[in-house]
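Input: structures, listed below.
In what comes next, chain A is part of two complexes: it sits with chain B in the first one and with chain C in the second one.
Showing the complex of A and B:
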């Protein structure tokens, strides 16, 4: 019997949160993540072990997550756009205190309330939104299967490595309804360990008297983040029938644009154009080594995204070779496969 | 094979109900199907859209530029969907059904079910899915709701036109 089900993206996310053994959600309703909040409320009405609190705003929701995880609960929040902005204070505190903070972010058009469904303009905000050094895990799913598996991963990474972990998606993916199957390989949950043993005391600090003390703490955190990066960095290289060593042209896209770019690559390969897709799944940490391995042999990079260059800037920041970069940059607007095909074909 | 369907009407007209029934029907018949609503601020009088794609292969992206088939249920939906219409787009336009709707005294609350019947006829003529395929899902979704008998009749009227 087929285990395929016809589900919305947010149903898949909710199932992943439950399978991750999360017990508490704190949030404030905002499109396109409202269904995650209302869905968790429904779950909590049916299962007395699950709890949900709609707070007065996203500031309170963020700090409620900080408090809950310090008290030993597996908690999370979901937000979007201006809500992600308001949550930066709590995210920054979680980054400083190394709290296992899980946030599910549905990007919407900005600035401010902008548009309500779709964008890719919260990349910078998710990675670097706080007044720290951007030591956050940010994963970008491209389809329903990844919505599930990466939601499971953000929980596991948050609890294993103790950095804020963000699932960065959008309303297109959350509201998409499509067939979905659970992964064949069972995903184990990271064991929930108390931040502070009940028999001891620990001062988890978010403020320091001495500047050098803070600096040494940040250096240690940076070292931890870099060591962790080798283990969790994730990407996909896609090409239908061209040897990767021989591609010449690289399309770079993430999230749902990464999904549409596969259609474009298929079409371009059919037309004998040597092109592949490089899709960073982890935007932070960024798959720098893997990009540079490809970049040595690449003549052109085409960055395609629904923002004015937030992914392009990440690529530039990580690229160690001189490669011509152009692309499609459409803030808050989806990218069609035909546009990517036209861009690559028109490149001389 | 890939078939792209765009359903469009005013917020509250029941476009998303049609979309749910049609897309679940394709899923039940083992098609690859992907659907996405687009309803920004419809409670403030906007247009409600639903993009549905059906294929025998995996579909990566829920939106599309040009529709193969468009259902228009309101005047403001016409303007909103114009960018998705090509010379090849087949359109069911509410304007062409005004007289039948009046003659059969179809209520506003059943209008979407009338158009579900019209859509069922179109898709069965295309040999994509049959009337019975759609009726099974329609019944599963709405038989326990009020006005079921009226909705059943209205569906038949839409299909028989």
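Showing the complex of A and C:
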């Protein structure tokens, strides 16, 4: 691409939100996503169609997003850590009412206020943080190009399928500054229609009198989610020059650990180790069929992540074959390529 | 005009809702109106009137309607809530919306208890009032939510009335709508019947309401 620019993750996310034709943002300052809030405010000074409200807390930000999308505006919020906890209230309503809620989450260390820049500990919270069994789309980018394209996708998926959609990133990627170019293929924007307007009378509820009414709603949601999954499930299988059929070992990682794992796979392949990377891009829906296709042939899985095992648990939930699983589990701490190389080489 | 009420016998909610609807209909503003509902007895209004409605979460109707109004300024947006939703779990958002002077209209139905859950102590429960969670009488004085709102917003329309003052109820709701149209926040608190939680009958229910008027100052703030 000719339009290479030197940008950081915040710039990329903000550009993606603007290109997605988002007009309303609601947010509360919290590291490491504050720059998305302040950045959008700065954008709104340049572009009169963009609006931003710094709310009193993340709860209000989330519900204001719910209200704005019901009125037909493309709206989003950005939050992190304890803010992601508070955001569950609104996300749960969005699940229950099938609202096209978009949240950009910059994971930080936990529990409690933890650390402020990086972790991969908000996977479970992002996928399963609501009460009941609502369904959400969760995408995990590994570099700036994906930060852009997946931000565009969370908006489009939210509006097309009406499930709350989360871009799950972290402060390291948001603060990364590197060469960036827009995708070569133009991404079309999905239209958002108002759920409530003067053309018809609607009475929308999220609480049910009868248990069976709720159950049938949830069954329908589940069916819709499964049908949608075939269309949006996303993953990457990577190895330098080893045929996938010949691979005996699989490293599984997501987000920026997925990017690091590529370096490790390159090094291992150089040393004639038959290893590939499986990188789920959509954590929800999880690329189950693709994982199992690989799992039929492999002997070892190495899950590498900056958490005590949230990705490993996802893998285990989806794996239909008996494969030995080990890995690197470093809560809120980055994973280095050398560690992954050592882990795979030390496996007998 | 409305479906059968799902509220308890003697509840004040249908009176408030039908008066609101009457005003909107007369003003020819029913179609551009959106009624957001807090969780509590307010949620039962979800299919009661011929206007657009949606339920939200407990304490969250105000920020939801703030989002709606910002996205669609030409809509008339109402946040319909009980006293617990407004002054306890939702107080932070209520006050900040008032402080920002968001052009939304909040209607608070004050029956002095958490009624949907069976009659527990609310921020508006009177001193010595007996509830399920104050079995020997409430030790606290009730909160005056309207005084709090007025303290952070001088432009808002702020008023309290009661379901057995329908003329004043209509007047205040109309003024609250005007306030929203002028770009200002508005809050109307309505003292309302809850014979189920109060365990009152007949004239006793009306007497209880009259007692509330002695504690909560009626009129414009």
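Convention: the second predicted complex is superposed on the first by the 344 of 348 C-alpha atoms of A that agree within 3 Å, B and C clash if a C-alpha of one lies under 4 Å from a C-alpha of the other, contacts with A are read in each partner's own complex, and residues count from 1 in each chain.
Rule of thumb we're sticking to: contacts are C-beta pairs under 8 Å (C-beta built on N, C-alpha and C of every residue); 3 or more make two chains touch, one makes a residue touch a chain.
Values in this document were obtained by computation on a predicted structure and should not be read as measured data.
Novice: Looking at the superposed three-chain arrangement on chain A, would you call chain B and chain C a clash or a fit?
Specialist: Fit.
Novice: A:203 contacts which: chain B (first), chain C (second), both, neither?
Specialist: In the superposed model, A:203 contacts chain C only, not chain B.
Novice: Could you tell me if A:175 is touching chain B, chain C, both of them or neither one (first, second, both, neither)?
Specialist: After superposition on chain A, A:175 lies in contact with chain B alone.
Novice: In the superposed model, which partner reaches more residues of chain A, chain B or chain C?
Specialist: C
Novice: If you stack the two complexes on chain A, which partner ends up touching A:143: first (chain B), second (chain C), both, or neither?
Specialist: In the superposition, A:143 contacts chain B only.
Novice: Could you tell me if A:73 is touching chain B, chain C, both of them or neither one (first, second, both, neither)?
Specialist: Second partner only, chain C.
Novice: Thinking of the overlay built on chain A, is A:30 touched by chain B (first), by chain C (second), by both, or by neither?
Specialist: neither
Novice: After superposing on chain A, what angle in degrees do the C-alpha centres of chain B and chain C form at the C-alpha centre of chain A, to the nearest 10?
Specialist: Given the fit on chain A C-alpha atoms, the answer is 110 degrees.
Novice: Looking at the overlay, does A:337 come into contact with chain B only (first), chain C only (second), both, or neither?
Specialist: The answer is first: A:337 touches chain B but not chain C.
Novice: A:166 in the overlay: touching chain B, chain C, both, or neither? Say first, second, both or neither.
Specialist: neither
Novice: Looking at A:117 after the superposition, I want to know if it touches chain B, chain C, both of them or none. Which is it: first, second, both, neither?
Specialist: A:117 contacts chain B only, not chain C.
Novice: In Å, how small is the closest CA gap from chain B to chain C once the two complexes are overlaid?
Specialist: 28
Novice: Going by the contact rule at the top, pick out the chain A residues touching chain B in the complex.
Specialist: Per the touch definition, chain A meets chain B at residues 6, 115-117, 142-143, 172, 175-179, 256, 259-260, 262-263, 334, 336-338.
Novice: Mind pulling up the chain B residues that touch chain A in the complex?
Specialist: Chain B residues touching chain A: 23-24, 27, 32-38, 40-41, 59-65.
Novice: Residues of chain A touching chain C in their complex?
Specialist: Listed in rising order, the residues of chain A that touch chain C are 23-24, 26, 51, 53, 55-57, 59-61, 63-73, 75, 89-90, 92-93, 97, 194-198, 201-207.
Novice: Quick one: which bits of chain C touch chain A in the complex? Just the residue numbers, please.
Specialist: Answer in residue numbers: 31-32, 34, 36, 39, 43, 46-47, 50-57, 60, 63-72, 75, 92-93, 96.
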